[in-house]
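These notes open a run of structures that come right after.
Same chain, two partners: subunit A is paired with subunit B first, then with subunit C.
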Partner chain A sequence: MAAGFKTAEPLEYHRSFLKENCRPDGRELSEFRTTTLNIGSITTADGSALVKMGNTTIICGIKAELANPTVDAPGKGYIVPNVDLPPLCSSRFRPGPPGEQAQAASQFIADVIESSEVIETEDLCIDRGKLCWVLYCDIMCLDYDGNILDAAVVALLAALRNTQLPEVTVNKETSTPEVNFEKRHRLHIHKHPVGTSFCVFDDSVLIVDPTAEEESLSTAQLTVVTDEDDRLCSLHKPGGSSMSGEKLQECINRATARQREIQKLIEKVTHSVTTAQ
Partner chain B sequence: MAGLELLSDQGYRLDGRKAAELRKVQARMGVFAQADGSAYLEQGNTKALAVVYGPHEMRGSRSRALHDRAVINCQYSMATFSTAERKRRPHGDRKSTEMSLHLKQTFEAAVMTQLFPRSQIDIYVKILQSDGGNYSVCVNAATLAVINAGIPMRDYVCACTVGFVDETPLADLCYAEESGGVSSLALALLPRGGQIALLQMDARLHQDHLESLIEAAMTACKGVSKVLDEVVRQHLQEASVLTRE
Partner chain C sequence: MMEVSASSVSLREFGCEQTLLSRPDGSASFVQGDTSVMAGVYGPAEVKVSKEIYDRATLEVLIQPKVGLPGVRERSQEQCVRETCEAALLLSLHPRSSLTLILQVLHDDGSLLGCCLNAACMALMDAGLSMSCLFCGVSCAITADGRIITDPTAAQEKESRALMTFAIDSTERRVIMSSTKGSFSVHELQQCIAVSQKASEKIFHFYRDSVRRRYSKNL
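Moving on to the complex of A and B:
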């Protein structure tokens, strides 16, 4: 009977739960879904991480390549993120070139990387003006159940933590790079940006970590990215119903709390992997 | 050919296996909530994900719907980080399109499409890590995903890539063996009746060796089918325990 009501009147169905201050899957309004993290599973990639937030599953693979630095930044390397939402993650996506949502997500991740300074791009420089590392970060969604942006940021952060770059020396005589795959060093992560997404129901109720259904029924969405120094790296509110300043401040506070949780999780997983090796 | 010895005198291959030995197969069904059927399969270091949506109404042009059976739509793609060199074009290139077509033809032979006229079944396969035998691993993963989706099939579809070195057929090639100049043959089999769904070979091989190579491939496929059967039964047991309460 509940299933019939849910199909016929999805908004009423959700409203009846929100009146009791909870959600259909039993969560509180400010509760996140269980987040699990698995790193280093793809051995062909230089760094990889798999994140599951409830049903949403995102995998991030990092490949490092050598390249010439850009003319306007000769002492820096660069990071190229790409978010892919393939048709296998949900029936709403069709095969073909990346859709709007995937492109917008890629741009969002690129902005987060730049504003949060997660990696100093000077660390990626090998030979000023001649050789640098390019990190291709491919973030792929395997199962779409809402809140892609948060999971993508966590996956990216964990994969960067896991990345090991081989040692490169430039041969003075032939001026060709020599890569030593045996000696690898980890990337130094300066900041740990973590995202928290919210959505607004009926212009009044604020919920955290929406599922795909909740996202489709919401009247506004908001994503806040903070780092460990309590600095705001990104605040993304694409239109929708308006929000007061206090509500926004609440969201930012929740986001800072979430940042601590996720950072602890990443530390725990990274530590368990290194002790296992 | 100087370099790595694909088959040593004692009969061991590069990764220590014997000639007819398969790589370790690990699989899980029902891994994704969104899809109607899904499976994750690892064969040695090759990791593949298969996801099935359907049967559902035709998407796109209704004119392509068949009046008496379902249309199977396959898409094969590789993750950009799946190979040692970053893959520039993960889908849409010729190799992927050819693979997608082969997968479609393989499954059209096995799935009972006449039970679902005018509808469409989507099979998406993604390779997360590639270490040889891509086609075979995809077929095995897709079989499990189709079973997980509850779509009736005539039989399991099991595939294996075999190669011929020093008068010996090698079962389940890894990437080093495939690229080491071995004549490789990919075979997709419906094991119970011993019927071949797809056979592909693009290398030079003497006619006299063909029979022994196909024999080796069929034995390997039957071995894979036993493993897949075990995985399906295990999954059903777990699922029935959960629903019993």
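Moving on to the complex of A and C:
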């Protein structure tokens, strides 16, 4: 009976739960799904992390390459994020060039990296005007069950924490770079941005960490990114039903609490990996 | 809610012209200072079967930059404009049909996304599509010393430490869309929202004047 109701009237089905302040999967309105984090999952990458939030699975691999700095920023390296939503992760994505959602997600991640200053791009410079690191951050969704932006930010942050760059010295005589793979050092992470996504149901009910089904039935979505100093790095609301300043404040308060939880999780996992080695 | 006096909100000179193109069903050009965007709306027209939605119209938004091909940034802006328009338009009045909104950037001198939103709203209005409310775009920049500049120029945007663009609706002055760059405190955000809401009044007033002027000529 319940299954038939869910298929025939999905919106009514969700409403009947929201009226009782809970959700079909048993969560409260402001409750996240269980988040699990695995770092260093890809041994061939310079840094990697796998994040699961409920069924949503995101993997992030970081590849460092040597490149010439751009002419207008000779003292800086650069970071190239890319979000891939392959047909594997959900039936809504088709093979071929990235769709609008994947492109918008890539832009969002690029904006978060720039706004939060998680890494100072000056740190990536090896020889001013001549040599720098470029970090390719490839974020791939393996299982799409909503809220990929939050999972992608956590995966990116954990992978950056996990990244170890080999030492590079520039040979003065031949002016060619020499890479010492034996000696690696970690990236300096300046900030810990964490995203928190919300969905608005029927222009009024706010729920956190939506599943794919909740996302498709909602009237608006928004993502708040905060760092450990409670500064906002992004308030991304592409559209949908309008919200007052007070409602946004509620979201921000939840986001700051979430930032603490995730930062603790990343610290814990990083610590357990380093002690295991 | 913070109090903002109307005099503290300064916007650049506005300009708007509607029905300037003959082929689209609705068109408008919107000028804010030196920033200029032209918008055209086609529809409701037939929709591709793959994009058909059974209970409402499919809205497609295309942003064409002044030079080069649209890239990832434009895609992300298109998403913002599309979802804002979807919130305002009564799309369920035209099920299984398509609406196309094309925004051609003529010149970018800051507050581009805001100007795109304003041009989009004027073009939708010109096309005679039913909307539940109007919307307008307001950009705010926070300078290094913490001042808030509304409707910044490209030079002011470059010097600022944070830039935010909001879409405000005309009925309750609430935030439909928000897109930000740079980091800022919660207090600064709330201040910017309050300033944008104040600025939106001026823009909606301009909308009214502009439409009134246009229809007084035709009658």
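Here, the second predicted complex is superposed on the first by the 277 of 277 C-alpha atoms of A that agree within 3 Å, B and C clash if a C-alpha of one lies under 4 Å from a C-alpha of the other, contacts with A are read in each partner's own complex, and residues count from 1 in each chain.
Here is the rule we use: a contact is a pair of C-beta atoms (placed from the backbone, for glycine too) under 8 Å apart; a residue touches a chain by one contact, two chains touch by 3 or more.
No experiment lies behind these values; they were computed from the predicted model shown.
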*After the match on subunit A, would you call subunit B and subunit C a fit or a clash?*
fit
*Using the superposition on chain A described above, determine whether A:Pro24 touches subunit B (first), subunit C (second), both, or neither.*
neither
*Who does A:Pro166 touch here: subunit B (first), subunit C (second), both, or neither?*
neither
*Taking the superposition as given, does A:Pro177 touch the first partner, subunit B, the second, subunit C, both, or neither?*
neither
*Check the residue A:Ser48 against both partner chains and state whether it touches subunit B (first), subunit C (second), both, or neither.*
first
*Once the two complexes are overlaid, how big is the angle at subunit A between subunit B and subunit C (Cα centres, nearest 10°)?*
120
*Can A:Pro10 be said to touch subunit B (first), subunit C (second), both, or neither?*
neither
*asked:* With both complexes overlaid on chain A, does A:Pro74 touch subunit B (first), subunit C (second), both or neither?
replied: neither
*Who does A:Leu142 touch here: subunit B (first), subunit C (second), both, or neither?*
first
*Just the number, please: smallest Cα separation between subunit B and subunit C in the overlaid arrangement, in Å.*
9
*Across the two complexes, what residues of subunit A are contacted by subunit B and by subunit C?*
none
*Sites on subunit A touched by subunit B in the complex*: 42-45, 48, 55, 57, 59, 61-63, 65, 82, 86-91, 94-95, 136, 138, 140, 142-145, 212
*asked:* List the residues on subunit A that touch subunit C in their complex, please.
replied: 100, 103-104, 106-108, 110-111, 114-117, 219-220, 222, 227, 230-245, 248-249, 252
*Residue ranges of subunit B touching subunit A (in the complex, touch as defined)*: 31-35, 45, 47, 49, 51, 53, 56, 59, 75, 77, 79-84, 86, 91, 122, 124, 126, 128-131
*Which residues of subunit C touch subunit A in the complex?*
1, 72-73, 75-76, 78-87, 162, 164, 167, 169, 172, 174-186, 189-190, 193-194
